[in-house]
Amino acid sequence: MKENQKGVLEGKYKLSGNQACAEGAISAGCRFLGYHPITPSFEIVERYAQRCGDVDGVLIQMEDEISVLAAVLGASWTGRKAITVTSGPGLSLMLEHVGLGVMLETPCVIVDVQRGGPSEGLPNSPGSGDVMQARWGSHGDYELIALSPNSPQDMFDLTIEAFNFSEKYRTPVLIMADEAVGHMTDEVVISPPELVERKYYRGPKEKYLPYKWDKDLIPPMVDIGQGYKFHVTGLTHDERGYPVMDEYCQEWNVHRLIDKIRLYSDEIVRIEEEETEDADVVVVSYGISSQDAQNAVKRAREDGIKAGSLRLVTIWPFPEKQVTELARKVKTLIVAEMNYGQIFYEVERCSRGSANTVLISRQPSQVHHHEDILEAIKKV
Amino acid sequence: MEASKTLTIEKEQRHPMDELLRMDRIPHIWCPGCGIGAAVSAFAAALEKLEFDLDKVCVVSGIGCTGRVAGYIKLDSFHTTHGRAIPFATGIKLGNPDLKVVVFSGDGDLVSIGGNHFIHAARRNIDMVVICVNNFIYAMTGGQVAPTTPIPAYTTTSPFGNFEPPSNIPRLAEAAGAVYVARWTALHLRRLTESIVEAFQRPGFSVVEVISPCSMYYSRINKLGEGIDMLRFYHDNAIIRHGEPTENLDIDYQKQIIIGRFVDRERPTFMDSYRKWLSGAESISKEKVDEKN
Amino acid sequence: MKAEEKNTELVVSAFHDALERTPIEKTRVCMVSDIPFPPRLIRPLGVDFFHTTRGRAIPFATGMKLGNPKLKVVVFIGDLVTLGGNHFVHAGRRNMDILIICVNDSIYTRIAGEELPVKLERIRFSSYGSFEESFNIPHLANSCGAVYIARWTALHKEELSGSISYALQKNGFSLIDVLSQKSDILEFYHTNSEVREEEDTNNVAITEDKKIIVGKFIDRQRPTFIDSYNKQLSRVMGDKFVKIEV
Amino acid sequence: MKANPEDVFTGVYYIDGDVACAYGAIAAGCKFLAGYPITPSTEAAEAFVRRAPEVGALFIQMEDELGSIAAVLGAAWAGKKAMTITSGPGFSLMMENIGLGAALEIPFVIINIQRGGPSTGVPTRTGQADIMQSRWGSHGDYEVIALSPDSPQESFEFMIKAFNLAERYRCPVMLMSDECVGHMTEKVVIPPASEIEIEPRRFYKGPKEDYIPYKRESDLVSPIVKAGDGYNLYIIGLTHDERGYPISDEEALKKDLDKISTNRYLVDKIRKNRDDIIEVVEDQIDGAEVVVVSYGITSRVALKAIEQARSDGIKVGSLRLITVWPFPEKRIEEIAARVKGFVVPEINYGQVAFEVDRCSHGEANVILVPHGGASVHDPKDILGAIHRVASEKKRYENVIEYTTGLEMSVFGKRLAEIARK
């Protein structure tokens, strides 16, 4: 891989979540950032801009979010790790190219610092209204990976994790942060990261087929300008990358795109369980809400209630097995999220009727209050 | 001795284009009488002239008939989403500035849905060559009105004749800041080839418009005959005027078409100004970060 | 993009004066914008106000005008040539009958050899990232066929409201490029500007070496979208065609 | 209110689904179409533009899909019934402004003639993979209504239904057709205007000065006015209160957004009126041991499998979704308690199937019969799935993906087995 560790920081720093994300990208070897300014994600760009001189990074402000993601995909094919940062409205504009990224199997990372929605919503308030969009936003059927940080340190670690996933599975990876995490300042430990290198094709040039996948369902990649003279297209394609318009090719192509994530969900999924062993009621949460959930659980335990907390670090692929198993053990699952029910539906589905599910849809004003969760716990 | 002999024979048998085309995908999808093939061969001829390292040349196309070009040219080639060929190519160019990037697409793709990217890439003066095949219509989707359709040409979505003034691609390119702008027809192959060569040699955003017959939709719906008749029409009505002010380049329905090289100037490319800015920008070294704590 | 940041009050008040001095029913005027103007600014105007997504004000206005051709649609737009560039170019080509007031918050640190006396944080991220050349908006508008093009700073109060009032009564795609920034920056623009009527739009790019050229650059006639629509269809369909009344 | 006779091309036609959509829209009183060419939806726009001038309707081909949808929103505020027509990729581009439409509670209709995806996919062949996107595609919380026709005749009828629902609930309504239905040519009967019910726009009747843009009536929907009628409207895409005034972030952080903003209503006005909106077609549900849940073109393919299964002696019921969104949760719940399981064939790798699984609360098995698109199912696969559910003893942990003949013919064995190696 081209990335060099020149200019990469090490040690403890006081950073906001957004700055930590930029540092994470730099540590992960990301050397291309495309963006279009949008609150509340902008500090990531500022930080990267101040640092890209040190690390020979490329930074470009495109005319809109549509072109941003297109440029990021292009850059990724030149062998650079590439990232873009945005918020809800920007993500809505990027959707078409999320699809292209999936179809071309292009590694890249998209950071969505979520704000209140819908439409322009509340630019400077946190929200979790885009988590279903992250999974279903682009047309056609596809699977991708989405992670949800809940602290600046997490923002740093998960950014690196995201790059590793995107290289390993050749797919766009989303980081579904929110305004609260992005603007929260805390101490961040920057240590030399474990990086997954891009899987390059090693065989003879003339034999290279862009989409001839190995047993692990992931095809090896090459960079532009190496003389492979390959062709890739957003149309449904065969292993040569040439368009073929029939259901056999479509099945060959898309079914694998889906399965290359679904079949590896066990390796991808990461959750944090706290005191769930003997719990009657467990609070399921992610992102900023998970901090309050964990506090609420502690308080509940003090009051002698058998409460536990399940934090989803990976949102997509959804931790189905884990939730199903948990549901069997407990009476009630409380889902705390900052929207009117999105992940809640997934939890409801996976609990398969063996535990009843309760939704607390929270408001920006309640971000740092865990009483409401506590109440809910007490109620059940 | 034997070897060299067979080699020479192969040389004779080999068509000069074979190197540059994906022969395993021929026959192509373009209709008889279409001008895109001509544009492609001009492009190939230009590449041969330029003697580039072909490994370092990369073609990006959008969607549409011309969008399929990327699929037939044997270089690193990308067939992207509708209208987004230019930003995709921008990413490639910035990701690896040693590459020569070509955007090969149609009028609808570049000027209609891709119009914003077109003017902004020109403003930034990203170093790339844009070859825009203009056939006055959306052919891939079956002949809808395009922003280049002359008044009052008939199309399937202007069944009562088009009434929207067509856009003037060279003028738009110039106003937005392109450094090299030329227009030829599918008939003027030699000059077109020269223009593509020049476009490659200019650092910056170069646009070459290729007026092309659409025998299947544009000329059929408007009863203008076969592709060959369109070429004949170009022959009789195309006037070469180098350096013509771009505001005079509007194309009226079946009237004269002014072709030639209109703009050829110098501006700092995006990469130039970016490097300048980077060297000037005060970046946070580690110490500074520590101070921040 | 916050409305306050750009000192938009001046532009809106100029629009207010224009409305006052123009013989036009206020209720027929619709204001479409991608800038979230606060109600306190808009209410006194007595017009309908619509805030859209970034850069999409022009197509929104296009639909509104075609939905009810009797309306006079005025677009206040900040993202004219960033997200909205394509819509701008094509609305101009169609000569859609709307008036664009470009609330232009670009920051120019050097004009006519003079340095901007104001210290700015984040200067690097002013509209396009500082190292990129910005558009010559009047020239771009001219190249895509606008029928009326003028530029003023928000401090040219009289001229600005005069321009707006004139454009309100003109049919076709009109553009007024208004330099609007925090008052101190605006002051600098104003003192370093120079009025040149009918100037060739080729020369009005804002560069480091010359003063900001303001004034009315273009004023011409072209059939609007609806005119050409009516003309063409009645020519082809005859009396079967239901004309669009303006 | 009855349809305007001039808008209804009464008669018997032999047309395809796209054209039927256009005629349906015109009959419903649609006077504005902004579109952009995209296979396979273009025929609808072509049909509309050919008839538009006769009925005083207007078509504009915008520069891109973003422009189209924005123009539609503008035209709707100007008082016209407006719509746009597109397919997958265009649909993705429209998402941001669909969110705006939902937030401003603008009545408008989007026709999505689905094709094989993702990305450019197979433009000329069918697919059903935009179903979840139609519900979740834009950022933030909102609810929409989505209908799914299975024939040209229904394409015509559902267009009228779509416009009526849009006007009734002031929300985006989507007609999720697909390439098969869109390009399928069949007999379409267009009834006389007197037989077509049209929901008029809910215009505000009271005195001008008392008008409050988002003041709800009993059904949580607020009446609307036209731009340019002197109401001095203030409409903003930011989170707003009843008056339409923006709510500052500071306020949002202090107060309870549910109470001060309209956000809550964007979802509630649909969820609370669910029962009036939801429509399903049921067949022999009572006493059935297996129920096939299908929508769009797939429901027609499923018919054959269902007949076959019945002649094999299995009690099969059929539940066809007319409204895919809002989803008929209650009904599925009731049925789940009584049957062995559901078979859900759809031309994607599991979207509605997961919804069915959710609503059955582990009480019934759910087998998904997937299909990548570019063609429709082989009824054999659906039949096989029905047999499997009927004979199933154990309870599944999750939605089971049926291994179709297509998968076997392409991969030789299940993709999962290949990957496990």
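For reference, chains read A, B, C and D in written order, and residue numbers begin at 1 within each chain.
One rule holds in what follows: a residue touches a chain if its C-beta (ideal position, glycine included) is under 8 Å from a C-beta of that chain, and two chains touch if they have at least 3 such contacts.
Remember, it's a predicted structure, so these values are computed and weren't measured experimentally.
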Partner chains that chain B and chain C have in common: A, D
Intersection of contact partners for chain A and chain C: B, D
Chain pair showing more contacts of the two, B-D and A-B: A-B
Chain C and chain D: spacing of chain centres that average the CA atoms, whole Å: 38
Rounded Å distance between chain A and chain B, as computed from the means of their C-alpha atoms: 37
Between chain D and chain A, distance of the C-alpha-averaged centres to the nearest whole Å: 28
Interface hub residues of chain C, defined as touching at least two other chains: 36, 51, 53, 81, 83, 85-86, 89-90, 124, 132, 229, 233, 237
Per-residue overlap in chain B, given as positions that touch at least 2 other chains: 79, 81, 112-113, 115-116, 120, 147, 160, 274, 281
Interface hub residues of chain D, defined as touching at least two other chains: 53, 63-64, 66, 89, 96, 99-100, 119-120, 236-238
Chain-level touch network, classified as line, ring, star, complete or other: complete
Footprint of chain B on chain D - complex, ascending: 35-39, 42, 45-46, 49-50, 53, 59, 61, 63-65, 89, 119-120
Contacting residues of chain A [partner chain C, same complex]: 36-37, 42, 45-46, 49, 59-61, 63-64, 89, 119-120
Interface residues, chain B side, partner chain D - complex: 63, 79, 81-83, 108, 112-113, 115, 138, 140-142, 144-145, 147, 156-160
Complex contact set, residues of chain D against chain C: 31-32, 34, 53-56, 58, 60, 62-64, 66-68, 70-80, 82, 96-97, 99-100, 226-238, 245-246
Contacting residues of chain C [partner chain D, same complex]: 27-30, 32, 36, 38-39, 42-43, 46-53, 56, 59-68, 70-71, 86-87, 89-90, 229, 233, 237, 240-242, 244
